[in-house]
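We call the chains A, B, C and D, going by the order they appear; numbering starts again at 1 in every chain.
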Amino acid sequence: MDAANILPIDVAGAIIALLVGLGLLGLVLQCLPWVIYKIIFPLSALASLGLALTGLWALGAIPNIAVLPLGLPDLPLHLRLDPLSGFFLILLGGASFGVSLYAAGYFKTMAGKVLGLLCLEYHIFLASMAMVLLADDAYLFMVAWETMALSSYFLVTTDHNIPDIRKAGFLYLLMAHVGAIAILLSFGVMQGGHALSAYTFDAMRASHPTSFWSSVAFLLALFGFGAKAGVVPMHVWLPEAHPAAPSPVSALMSGVMLKTAIYGILRMTFDLLHTQIWWWGVLTLTLGLLTAVFGVMFAAVQEDMKRLLAYSSIENIGLLLVGIGLTIIFHVYGKDALAALSLTATLYHSLNHASFKSLLFVGTGSILHATGKRDMGRMGGLIRSMPWVAALMLVGVLAISGLPPLNGFVSEWLLLQAFLLSPGLPNSYINMLVPVAAAVIALAAALAAYVMVKFYGVIFLGQSRGETVEAAHDEHAHDAGFWERTGMGWLALLCILLGLAPVFVVQQIDHVTQRLLGTHLGNAATGWMLLAPVDTERASYSPVYFLLAVLGVMLATAWVVHHYYHGRLRRGPAWDCGFPAQNARMQDTAEGFGQPIRRIFEPFFKIESEVPTPFDTHPEYHGRSEDRLWYLLYLPIKRLTEKLASWVSLLQHGHIHLYLAYTFVTLIVLLVFV
Amino acid sequence: MIIDKVQIPAVVFQLTQLLLVVLAAPLLTGWVNQCQAWLQNRSGAGVLQPYRVLHKLFLKDAVIAYNASWLFRVTPYVVFGCMWLAATIIPIIAVDLPFSRAADVIALVGVFALARMFSALAAMDIGTAFGTMGARREMMVSFLAEPALLMVLFTASMLSHSTQLPYIVSAFSRHQFMLYPSLAFAALAFLIVLLAENARIPVDNPNTHLELTMIHEAMILEYSARHLALIEWASSLKLFAYFSIGIALFLPYGIAEVGQWSALPLSILLLLFKLVLAGAGLALFEALSAKMRIFRAPEFLGTAFLLAVLGLLIHFLLSA
Amino acid sequence: MPLTLQIVNLLAALLLLIVFAMLAQRRILSLINLFALQGAVLALSTFVVAYYTGQHHLYYSAGLTLLLKVMLLPWLLHRLIRQLDVKWDVETLLNIPVSMLVGIALVIFSFNLAAPISQMAHGLTRGLIGIALASVLLSLLMMLTRRKAVSQVVAFLSLENSLFFAAASATQGMPLVVEFGIALDVLVATFIFGIFFFQIRETFDSLDISHMEKLKDD
Amino acid sequence: MIDSQLLALLLTPLLGGVLLALLGSRAWAAELNSLMSFFTFLAAVVLTMRVIDAGPQIAFHEQFFIDPFNVFLVALTAFVAFTTSLFSRPYMRIEQHHGKLSTAMLHLYYSMYQLFTFTMLVALTTNNMGIIWVAMEAATLTTVLLVSLYRTPASLEAAWKYFILCGVGIALALFGTILLYFAAQHVLGEGGTALLWTHLNQVKGQLEPTVLKLAFVFLLVGYGTKIGLVPLHSWLPDAHAEGPTPVSAVLSGLLLNVALTAVMRSKVLVDGSLGTHFAGNLMMGFGLLSVAVASLSLSRQKDIKRMFAYSSIEHMGLITFAFGMGGPVATFAAMLHMTMHSLTKSAIFFAVGHAVQKSGTQVMENIRGMIQISPTVGWGLMLGTLAILGMPPFGVFASEFLIITTAMHTYPWATPILLISLGIAFAAIFGKIQPVVFGETTAKSLPHSPALIPVFIHLLLVLMLGLYMPPYLANWYHQAAALLG
């Protein structure tokens, strides 16, 4: 085709093919690793950027379709790039651009053989995620979906000699698979007829299941996608699997892969299903609130830095679900402006989470390389040895804590606006639910700040908590290299830009809301400086002015102080109330910092702790806070299965007479019943 | 754009308030301390004492720990800047503040959070026992106080259909006086939050150095000279800001409307009067109540949170 | 009713009787003899049916049956048990009276089952399906009550006989190819059984199946 | 023309059987075995081409009948038989080297292998319901000898159970066939034609329903024993675990399919005669029961071959369920699943065979870290397992996708069972295979280099069919689906 009628979908497809090609190339070239990390990964970063741009292009364009002559007979692979897919493509590309750049530096240390395989899996992972977004028929969607799970499973189990990592991988793949079957079933409900052609999304859009069956489809989809997104109570795999993977992969899993689940829910609910029912919204909302609080609470008591981030991902997924729930409710009750507002908030937040969570995860990668530790309880003071990582991660930390003028704040602001504007719903129960939900959101946000202070403070600030040797080692921990810095720098830049130009972002998101809900948010204020979703009288926010003001005031103060007084500064030993003998062990450990949360929310945790007696010469305190749900939900299921299995195994007891008796009885029974 | 909408008087109002706030804040602290002194039968150091202290601190040489990082040195300016900014968002003498369009109540809470985050991080920077302890306790107090404050403000903005403080205030002040039950709950919650956030008894004690009880003080132990001065100033700005929020939400009457030059002096007078009363009230309350154990604080603040949510619920119920 | 039919019916009844006898029989030698007798009855009935319907290939199959079921197989089995000397009594899992009762129940059951078919069946085969079915089920019952490998095999062969009876008498004979195929299979099967007996014997030094209960899920 | 082609297909393995019976103890017997299998495969390809071009064929006075449904199974059978012979060449030598097998046993193995192929091909291609029975019985007899090849007590016991249970089952099937003939007589009259499927198929509307119901019950129970439907499956795990691995591969991969074909042939007639969903319901019931029981049993297995035997039961259950549902999509899916299962499961057994030889045990606790000692075996096992568990982009997923969604659309009540069972099966198999492949290892290397080309050929095919299906293959499936209704 000539350049005139090239569609976004073509470009996207080409880029995906390119990604797969790069992966294979990496596998082939595993004998010369430098090619892999010096050339292939930067190239794939560029490819990701291309994906992002394609997505941006597709936002404006009308949905365009491609059909590949592959797949099942009568069911070729349908691809479709509409604003929703486009938006998530931007998310995918934007995040993975940074992550791949980072990976170029991070994987340097790996052995060629492992690296080649890993390169393949990494690129398959990227490609399959993109394919999930483009799929326009159930088969392609499922194939891409499971390929995504499979490739990420192999990435998670990269160093499979560690039994815990194997366990994590197993749990992950199991949950993913069960979830996938559920999604499959919901497609089965929605499929429009009995031919193979009934599996295209268009056929599903055309089919009108009864409200009962669409509810079944929705519930199945919520379960399936929830299992992938880590919604409570299907979350158990997430804090195991995400930390186990190499950091860039954890970044992609937390930052991007979870969002594909969100994409799936949105696609199902607002595109494939015709009618929504109010209680879907309530259910989603409640699940979301549960997930958010649960996630942040458990994040607060973690000691492993990557586990902490994983739990915080659970929290953010909760917030996203809340947004979706609100959208459904408003949409059902015909308050489309509000629906658009909350959907915008949801999409915006997923974009934000992709940026800062990837940033933080790759950051932990650098720390891991520098110190060889994941246990925050033995870190501290890294800001002095790794200034770059510290500075860049500070941006991420501030952003994820939802502080102005960074991006985390904008999405939370929009979400809260949605709550504030919500009264007047016909259903009084929902009216009651709304303020409570708002309160819970606020609580979760505040707790997130707590968690992040712990995260950043314990890792980077203070003095190293480790034994003297590793403390000395940490003093000279090497900072991130060029590629790693570039990657993190990009992600940090994303956090800032998304924070400063909300109006532009919202305008882009409007394309999506317009397509899904038939209405969009728009901006009441003129110009790109001031964000006013409904009307400047009601609410407005201008991060740029905010930033300028804060900086202005700060600089003015600094100037005044130094000019009228002086800038003299001396350094001395820390004072600490004049306390004579102070050492690093007197600081709060990660655990100590989480202790108030453990104490306040005691009933939620299953706490095992051994407290030293006053007479111990080397007093040591151990405490683990475990997830009650594991004991209340998963183990019983396991036991039940084992019980059934043991009963069934009685069938096979080795006596041939009884085997014959089975045949005999079966025959007789059948004969009786014909 | 904001600028083209703005007329001269608004800018003037904004600037006046900017200066007035930053200059008057220590005075308020001084006044509260003075009242405390009187209540404790001391003669007190006079209302101007804070200024003297600040001056003295600015003159001194700053001493910081060997391992203090840039974060530690930047923090005082950040905190000061945030608090000052907060005080300029809130309509104190007049309702039309062009800048308040840039940041509404949610952003206001955000500003406070930003300052808190930085001071907590700075407290952990040196790596002393008290620093981390203070940071931990501060965050513990705040993660309950912040949502409570947010809920209070939500109640107000529900009533006035806006999250812009100026609109809220003008809405309240323009209405003829009426009783909002939801606001009553909100007011109670706000009072508790105010006490907690400004490190007052019974949650904290602004002028204790008893290791086991202090929260805010523990965080700033390592600061000296100009850094300390800025932080102290910032905290008095914070107190001022909270007072102004309280006044703006619960007794806004007499505040100057858009561009009423004539109303300005009167409103300033009224404001002074309200502040004096409030300060005295605070002092009295502190004198009458005792510091509570640190782990009772969450319950205390939890009550505030619940009250605030209750207020919101009541608003939904009675739509009043 | 023509004489031939009466004869066939008589033979059918006889067959059923023999199966019952086998079910009741404890001694292996007489079990084999009964099996030979069963074969003879089968051959006879096939012969009669052949005469009645005038289908030539039925003569062949009658002859085949005579050769195989009356002479070859019993002879083989006799040799086997002589070589393996397993002339002991067969203790059954289900004691004789109970298995007889079950057997009677089975007969009634299968007659009822076959009744509608017998309605539509013309002339000759009336009721024969029922008898065939009954003896199939009885042989099956015998298989699952016997503990010795040999007796199990004999039961299996009598099952084959009943099937053969069904084929030959009830349906006036399957096509010749099929009959030959079946016959061949039966022959091979018996040989393989023979091989197995020796192998089982030399590995477990007994033909008691209860040694072969090792493979199971646990 | 067609006669000669068919003759080539059938006589090659027969000749091979005879040849190997004579020359089986020669050193190059293995190569001869592969060669004959290869010729058989060629003949099958030629025949397939012919049928694709010219549609259904009738040969040898209507005694043989080749339509799209059985010709694709013929091709599949010949292919897998060929690859298995390739695999068994080094595998059996290693077994001999380990002293598990004598030359005499190998001799028996090769000839029986060819005869087994022959019987399966006959069962597939014949038009005569009686001959199908004869061939099935013959297949049983040959495989009984193969299963007991090692002469160990365990293998003897397995073979004995297999022999007795399948013998009984097959006998019942014969009674069913007789009943069918009995019913057919009244329509088609005496003589040969009354058992020819093509004729029966034309008059199926007039066949007496009550008799056919009865017949189908016997046929289902009979051939069902061979398919391994619960509760008739008891012989299957033993036979698979104790026989030589190539035999397990062909048993799982091929014989079960052949038995299922026989059932499907009779189902067509019964449906035609009854006009109700009676047969379908029976098959769905058996299928679901098999899936559920097998997946539960999976979680308790310690022996790796035994475990995969149970997984065969599970998949056969799934296929039977799909055939039971009927309708173009489900039938298509069922046949696709047959193909995928044959290819994948045999590939798995190949990999398992070598893994077992390397670690010297079939107990999974003692097989560890295959990927360390031999990446090919390790990856083969891992990928095969993922494929059989229905992980895309492998083709098994394609069929499971269609089966599950169709079930959800048509028989929603069945889907919870499927969902739970598949979940349990996944947990069971993957949880056991993961440490076998990953982690530290204790395995040792082998005297002869393993032949893993077959594994990867199969897996590549499965992968390809998951992503792309050649049009002729597709329309071939469609014709078959239309045929079975």
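Rule of thumb we're sticking to: contacts are C-beta pairs under 8 Å (C-beta built on N, C-alpha and C of every residue); 3 or more make two chains touch, one makes a residue touch a chain.
Computed from a predicted structure; not experimentally measured.
Considering every other chain in turn, the ones in contact with both chain A and chain D prove to be C.
Relative to chain D, the chain whose mean Cα position lies farthest away is B.
Across all inter-chain contacts, the pair with the most C-beta pairs is A-B. Located most centrally within the structure is A, per distance between chain CA means and the overall CA mean. Mean C-alpha positions place chain A and chain C at a centre distance of 70 Å. Centre-to-centre, using mean CA coordinates, chain A is 36 Å away from chain B. Note on chain placement: the centre of chain B and the centre of chain D lie 78 Å apart, centres being C-alpha means. Averaged C-alpha coordinates put the centre of chain C at 31 Å from the centre of chain D.
The residues of chain D that reach two or more other chains are 160-161, 164, 168, 172, 214, 237, 297, 300, listed in rising order. Residues of chain C in contact with at least two other chains: 113, 140, 143, 209, 212-215, 217-218. Chain A has residues 649, 651-652, 656, 660, 663, 667, 671 in contact with two or more other chains.
Listed by chain label, the pairs that touch are A-B, A-C, A-D, C-D.
By the touch rule above, chain A contacts chain D in their complex via residues 69-74, 138-139, 142-143, 145-147, 150, 157, 160-161, 163, 166, 169-170, 173-174, 177-178, 181-182, 184-185, 187-189, 191, 194-196, 199, 216, 641-642, 644-646, 648-649, 651-652, 656, 659-660, 662-663, 666-667, 670-671, 674.
The part of chain A that touches chain C in the complex is made up of residues 649, 651-658, 660-661, 663-664, 667-668, 671.
Only residues 55, 113, 116-117, 120-121, 125, 129, 132-133, 136, 140, 143, 149, 152, 156, 159-160, 163, 166-167, 170-172, 174-175, 177-178, 181-182, 184-185, 188-189, 192-193, 196, 199-200, 203-204, 209, 212-215, 217-218 of chain C touch chain D when the two sit together in their complex.
Chain contact summary for the complex, chain B toward chain A: residues 1-2, 58-59, 61-69, 71, 77-78, 80-82, 84-85, 88, 99, 101-104, 106-107, 110-111, 113-114, 116-117, 120-121, 124-133, 135-137, 139-140, 142-144, 146-147, 150-151, 154, 157-158, 161-164, 167, 209, 211, 221-222, 226, 230, 295, 298, 305, 308-309, 312-313, 315-316, 319. Contact residues on chain C toward chain A in their complex (touch as defined above): 93, 109, 113, 137, 140-141, 143-145, 147, 209, 212-218.
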